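I am attaching a structure below and will ask some questions about it afterwards.
A, B and C are the chain letters, set down in written order, and residue numbers restart from 1 in every chain.
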Amino acid sequence: MKVDIKKIAELIKGEIEGNSDLLIGNIAKIEEAKAGDISFLANPKYTPHIYTTQASAVIVSKDFKPEKPVNTTLLKVDDPYQSFSKILRYVDGKDLRKGIEEPSFIDKSAKIGKDVYIGAFVYIGKDVFIEDGAKIYPHTFVGQNTKIGKNTTIFSNVSIYHDTVIGSEVTIHSGAVIGADGFGFAPGKSHYKKVPQIGNVIIKDYVEIGANTSIDRATLGSTIIGKGVKLDNFIQVAHNVEIGENTVIAAHTGISGSCKIGKNCMIGGQVGIAGHLKIGDNVKVGAQSGISKDIKDGEIVIGSPALPYRNFKKSSILFKNLSDLHDRITLLEKKLKEKNNQNG
Amino acid sequence: MKVDIKKIAELIKGEIEGNSDLLIGNIAKIEEAKAGDISFLANPKYTPHIYTTQASAVIVSKDFKPEKPVNTTLLKVDDPYQSFSKILRYVDGKDLRKGIEEPSFIDKSAKIGKDVYIGAFVYIGKDVFIEDGAKIYPHTFVGQNTKIGKNTTIFSNVSIYHDTVIGSEVTIHSGAVIGADGFGFAPGKSHYKKVPQIGNVIIKDYVEIGANTSIDRATLGSTIIGKGVKLDNFIQVAHNVEIGENTVIAAHTGISGSCKIGKNCMIGGQVGIAGHLKIGDNVKVGAQSGISKDIKDGEIVIGSPALPYRNFKKSSILFKNLSDLHDRITLLEKKLKEKNNQNG
Amino acid sequence: MKVDIKKIAELIKGEIEGNSDLLIGNIAKIEEAKAGDISFLANPKYTPHIYTTQASAVIVSKDFKPEKPVNTTLLKVDDPYQSFSKILRYVDGKDLRKGIEEPSFIDKSAKIGKDVYIGAFVYIGKDVFIEDGAKIYPHTFVGQNTKIGKNTTIFSNVSIYHDTVIGSEVTIHSGAVIGADGFGFAPGKSHYKKVPQIGNVIIKDYVEIGANTSIDRATLGSTIIGKGVKLDNFIQVAHNVEIGENTVIAAHTGISGSCKIGKNCMIGGQVGIAGHLKIGDNVKVGAQSGISKDIKDGEIVIGSPALPYRNFKKSSILFKNLSDLHDRITLLEKKLKEKNNQNG
């Protein structure tokens, strides 16, 4: 499929500088592009490539002024990265799966909306409600009394336990587990006794959940993932956690039971957050941090245990050569002793 | 379904204080409960709610003495949390699935006990033995020659490799992988050669295994999960590990090959344990610790590398403002130099 | 099945010392072996067992000279561990699955080679190409336009997204997710906008991928796993990462987007690597390290943030008793003050 560059310019409200009689066949990185490809330049680090690229067209910022001649058509826009994303979305909308593949297992009591895709080997339990345009890929399990919102996509091999509520325009990647029991055991005489986990999980609209991520159901009440939250792969969200709108969390991070995380936070990878904590809005947490205290709105912390960013940086630099400090102390002790002997 | 509060009192051996002509319809948190609900008060932090709760009944400790009037029926017991758990279990026993859903794949050589549930799309390999009352949810794979004990529940999308032995009353959550090859490779001339992993995994009675947790098979012999062990989500148990009875491990912890972990240990989240170590009984390991040495019975360690708890705490506090120590050393050096000059 | 020890000696080019009229029925650890078993001795720590073992035969190094009489047949070889592995492989080649189990879902456009195993409930999408001898276990999803090479084994419940290219002799364990979307979102006015991920994943020959590991597709271009790479369980490989030949990575390690990892590296468990970094060839990274800078060929680092190994070791020892340094500084300050007063 080839697309006229004038159509692309229209889509991204871009201004063509150079040859406008072009058909674009593919999308590629600026350093790898070939004739017929379109690329983009957003990171100044890649600017040198604009003078050597084989791409037929490159999306650039309106501010971009070449220092020497370029052999490619420029498409000037306000934000090259956003524009490029828009093109990708335009091109990417090709998976228009619809209908029900066989064999699948759909309980008679389930309500299925219009234009839904249900892949082969999907299991839909009792009283499930799947809204219009949702796509459920093969081998996904949807437990009873679960609701899946409009245009939500759930990839293969996902497990969704009973009573889960999933909003619209949500994406859940393969291997994710939604609504498994929270990790709750009460000490007994000879062994632990399970605390039944009878709450559920609520996932709001526009959430994306990464591959193999796990969100446990609440003991009572709900574990809640706020609107627009983005979770990477392998994230552990324990029972009764609540995550505020538009918070983004990187891979391998674990959030212990009953934590409340604010809005618009950015939490790095491999972070651990102890139970029952309150993390404010707009908080940033560096990768591999260990959080054991509440964090106020807007704070930036890192380390295990986590410190304000400046402290951590200064202390880490000194830690690197901690033996220098040790040697200086030893020398001071020696000198002072000499002095005492001398004076004594 | 409504339950008479006198029946609940009987179940938990509780003493009713207040209206005993109540029908309870639901279970809820004390701060969210409505009329007709039952709740509990175990954590003193929540005591203020007892005076404002809408719950029709609240389970409290025998020692609890209200400081002002309460508008709810009290159910006095020895241990409110345990009693509440008991009610939850009572209410929760509703998933009474039984029978074999189609399509499923059950090898002719497999032996299936009474009152078993086998969900649609379950795969049961050769010579598998499933005991009475076991429940196997959709999309679970049971490899050949595996045994699954009485009343064990295995949720959806679990993979159980061949030769696994699973006890009774075990729960395995979705996405768990039991018996994949241990990570063993021998250096070869041009590339690593795989060391075949021909041992198996043995899981004893009353074990619970979290979502997406992985227990590798032994190279030779068995990887063994002791009776009553509780594993949270995303735990890596490598080949030939043995975990003692009633040990509890939090999410994202990784245990390297051939470690022996004792009984009744509590291991936090994101802990890493190097290979071939021996961890004693009743050991506590703080979250995010890195263990590279054996640990004796009863020790409490934290940090990476792990230290006794007191050392870690004191050192962490000093680390926070390590630049203060640095400044004090610099000042001492300066003063001593001045002194020398002065005296010189 | 019993095997003549002379046949085993032939297979591993070993020299028999002792009874050569033996039939071997099983493989076992030296300390657990019984009559009829074969075992091996590679680690000197286990040498005492050779004098007490019940094994009928033990593979030992050519250099091994018993200090007292042994009651077992010795099989002398250059490298006992490698020889033992070879036997294991020989014995282990028993899973000769072939053919297509029903029900499975295979798109008409898919091309399936000779001697392929496709388990029940496998889903093969459009234009998939599966080469000769590949084995695909139950509940695995193979997205459209994916290629799976010769003799590759993919275990149960694996999810392989569209456009993935998998080489020959690859092993992928259960729960792995290959080709899920990279974690890319562009800030929008009220919420993040997804950056479409239209690249793919390429896995070269002889790679092994652990249970529940996840390799994200590239935003553009390819995420590439080099020939002979071995990935343990729960590893996060983000979009556009490239891993060089024969690099080995332990469990729970996370590699952020666009990192280039060299050849023959050894990376420990729970390591985090920040985005866009270049790790050289033959690099060693200790467990739980945090990498935030490029690393040159051959370096050995550990810690978070990572330091050269020697620095980390010295600093860690001092960190353990950091309060000693603090006390020594305080004492120096006191003494110097006294001296000043005395002199003053």
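FYI, a contact is a pair of C-beta atoms (placed from the backbone, for glycine too) under 8 Å apart; a residue touches a chain by one contact, two chains touch by 3 or more.
This is a predicted model, so every value here is computed, not measured.
Colleague: State the superposition rotation angle between the two copies subunit A and subunit C, fitting on C-alpha atoms only and giving a multiple of 5 degrees from 0 to 180.
Modeller: That pair's rotation angle lands at 120 degrees.
Colleague: Specify, for the interface formed by the sequence copies subunit A and subunit B, whether it is same or different in terms of residue numbers shared by both sides, with half as the dividing line.
Modeller: different
Colleague: Report the inter-chain centroid distance for subunit A and subunit B in whole angstrom, where each centroid is the mean of the CA atoms.
Modeller: Centre-to-centre distance between subunit A and subunit B: 25 Å.
Colleague: Pull out every residue in subunit C that's touching 2 or more other chains.
Modeller: 103, 121, 139, 157, 175, 212, 234, 252, 270, 288, 304, 319, 325, 329, 332, 336, 339, in rising order.
Colleague: With touch defined as at the start, can you tell me which subunit A residues reach subunit B in the complex?
Modeller: Against subunit B, the touching part of subunit A is residues 103, 105, 121, 123, 139, 141, 157-159, 161, 175, 177, 180-181, 183, 185-186, 190-196, 198, 212, 214, 216, 220-221, 234, 236, 238, 252, 254, 256, 270, 272, 274, 288, 290, 304-305, 307, 311, 314-315, 318-319, 325, 328-329, 332, 335-336, 339.
Colleague: What part of subunit B is in contact with subunit A in the complex they form?
Modeller: Residues 27-29, 32, 81-82, 85, 88-89, 91-92, 101, 103, 119-121, 137-139, 155-157, 171, 173-175, 206, 208, 210-212, 227-228, 230, 232-234, 245-246, 248, 250-252, 269-270, 287-288, 304, 316, 319-323, 325-326, 329, 332-333, 336, 339-340, 343 of subunit B touch subunit A in their complex.
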